[in-house]
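The chains carry the letters A, B, C and D, assigned in the order they are written, with residues numbered from 1 in each.
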């Protein structure tokens, strides 16, 4: 067994496999299938200060090797999370991060302040890249000025590990990554979903109620790898890579490109135990290639 | 049989199906398989003023529902095209567009000037979006200022139909589309390939010699549809849509999103006769839905 | 039974007609109780276009053989690929998922109304109701007689009525044209329905008018099937609910349907 | 024969061993001449991961039956899916593609050196050379005896020599360790080779030293197979050439290999 532990700022992860926000609920939904505590960490559902109903149905479209969603951050709000969900998560021996979102900087701050009080939540993932909400969301993640504004504002009130989740829908992700780092991000995660669209030709209507939505799944992996690679060249903080990871080989590719940890998203829908298989597969790879630690391959692409 | 004719500026197309640059050679390679004159048009390989060897091998990687390429505009130059290839294309009764590329504005101009002299080439597609060349290429397509510079410079020397091919690797494609239109584009085509990357985990090396390359195929269709939809809302000139079109249903989706014509790229590799099947399928669709003309469905998405 | 993902063995693939198949899938483990209304989410391998799992009602359960059967109506690539499953091969199956129909606690007279592949969710319900000595009537609507399959199975558990749009069998028209819904509805204490949305809306409307208990099993596009993607919502008086976990069975009183 | 895309019928799927299969594919049309060295590009349906066609040498042609056969070594998803082709099913096949080996115009003594699935491109070459009364020697290298298949076929057309890395059959070592290459090479007027690149490089080096005519059939990653994508280049003294149209057969004198 190789050494799978990695550090993301102050977080010590027993292995580099986390679950992506919006694809793993609060972990609880997976109790029937697996021991959630075996994971390096889980990132819970997008959370906002006020409860959100999310978008109308339909919210999903299947695409070639992928899917679109336009859930739109449906959640019962940060206070409900703190009082009704958080206590149930204490049973898990893993790092639980809350994915924090908002329509205004004030909302981000208010939400982060509530999460900051929760002892067993060692970090947040600041979602400045959700393509499925009308105001805020992705808009924050597409310019240096707005990234600086929201990241440094939250940095003032949030004192544990702050991961900033970048949007892939941009011209120069390296530049935006540097903004986020300079504004106080302890780590960067990417990619969120790509803005996309599906049409029902027979009915001549968009499939999603919101017309456009976010693309995820193996279709996006090549784009995600490229962006992780670019961000890894641009910043010093550790990177959490994701986008289309379906198996251990995919995960290894992200480590080689420069990610210190990875998140698994859409793949959880197809196989709820996939994260455990990926952990095993990473270990296998290290053994086969005679690496004693996962850290030996992070950024190890030979170019 | 419905009316499949469409107009792209001064071009009258017998049907809205063209082939995408770099995926159809000069048409001649398809003579064994089909009657190229049945197409609405063909866009020949990326052409530059000077001959280019293109990038080193390997130039291709298969991905989930797609592929990466980093051909890098291998071609024998505009003069060779004019003297050695162009005469062989005169046999075709279809619109032949040349995809024009360059590393500097001067190169674009010089190339467009040569093509401008060729009587049976009614238009060019200005490629400001190639992700596979070191200088120029995509860089021109990612800011309004550089789009204005190159498009208006070529406009001065090129007097037939000028289509400008946009890059999908941008934050706000609508804004860039407006720049291209304002600078004299008669039509816009999109999308070119998405910047992406593939890694060989076993060898710990990038698969492409160029590390990154361009993603095409059905994986990108949802992104392409969204960008065509955004551009259609932003400009008045006709749009030529492409990206992952594999069959007539895909093509219909692009028309509904606002494209007046479509290009078929990667699908030609899998089935060299696919374009003819797509033309038939479009006709079928019009009949089934009782539209007398393809123009009835262009931009016909009900939102 | 708690949710599991298992490779179930295809022990039979019964072709009912051109586009209706029944797959019998066997578990290596002892099956625990599965409730009427629950469904399974099947992985479609060997297809170049299908990405997500496909949900199907659990048509019947045989606890002695540890098998579940799935009734498949071919409508696209996923159902087509599954309908070709070879006996002896395995299908990666997530089950049992979703809530369940509410059964009467005392003997009642109940009506089941099914259309299309919706009938699939009603068989085990009919069986349970019958075993608990309720008086069961089953009304099945289809486009044409050839789409009416498995009627013998249903008739084991109650009186079967049919309608066909083309009049080739039973009453001509929609289920709502059948006298049992049209005229005799008030003789029933409960109505359960599953089928195309317009059909369920019509049934729900009639039940509501007569204030009869009515549960529907909804279909929906699902990415996960176990409550984590939040893609499969339906609008209720309590806000958005997930069809895959808080449904697929809903009482019409909580649905915000315009009926 | 000009390039076509046809749905060829699988009339036999011969399993040679765990990872070697031969598919016999029949055309509904009369086959015209196909040359040694040409290849086919097969579409892999029913796989969720394979997107592009997969290239394979045309192992043999039967003009009476209008069949071509394809020798498949399983190395990944595409070859695995194809190796499972069911007799009676159809495979979408683009063929014949590529150039051809240059045959001697007079009778000569020729050596064919094959390794791995590279032997597949040499059988029809051996046959043609034999039919034109050349003196044919065939040297086949493999990892182990179990990878040496179809030797009987080759021995119909000439003398077969073998090497195995583990010494389980023939001379132990690489093909370059075999006396026929090591010592007797100058007795041959031509050498043809197909196999792993290191093997072909070693063969090319020896042929070059002795100034013997030498053609190689190269492998490459291909997106189209008919010269339009420009992905399958190899570097020659005349610049980049497409392996799929200007190859797969190249004379070593034009390749820019460091040998």
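The rule we apply is simple: a residue touches a chain if its C-beta (ideal position, glycine included) is under 8 Å from a C-beta of that chain, and two chains touch if they have at least 3 such contacts.
The structure presented is a predicted model; accordingly, all values stated were derived computationally and were not measured.
Using CA-based centroids throughout, the chain positioned farthest away from chain B is C. Here the spacing of chain A and chain D, counted between their Cα centres, is 47 Å.
Note: centroid distance chain B to chain D, computed from Cα atoms, is 36 Å. Distance between chain centres (mean CA atoms), chain A to chain B: 34 Å. Multi-chain contact residues of chain C (touching two or more other chains) are listed as 50-51. Looking at chain B, one finds that residues 61, 63-66, 217 touch two or more other chains. The touch graph of the protein chains shown is a ring with every node of degree two.
Chain pairs that touch, as defined above: A-B, A-C, B-D, C-D. Within the complex formed with chain B, the residues of chain A that make contact are 61, 63-66, 68, 142-143, 169-172, 194-199, 201, 203-206, 211-212, 215, 217-223, 225-226, 229, 244, 249, 252-253, 256-257, 285, 297, 300-303. Only residues 22-25, 29-30, 32-33, 45, 53-54, 56-67, 69, 71, 74, 217, 266, 268-273 of chain B touch chain D when the two sit together in their complex. If you check the complex, the residues on chain C that touch chain A are 2-5, 43, 49-53, 92, 94, 220-235, 239-240, 245.
Per the touch definition, chain C reaches chain D in the complex via residues 45-48, 50-51.
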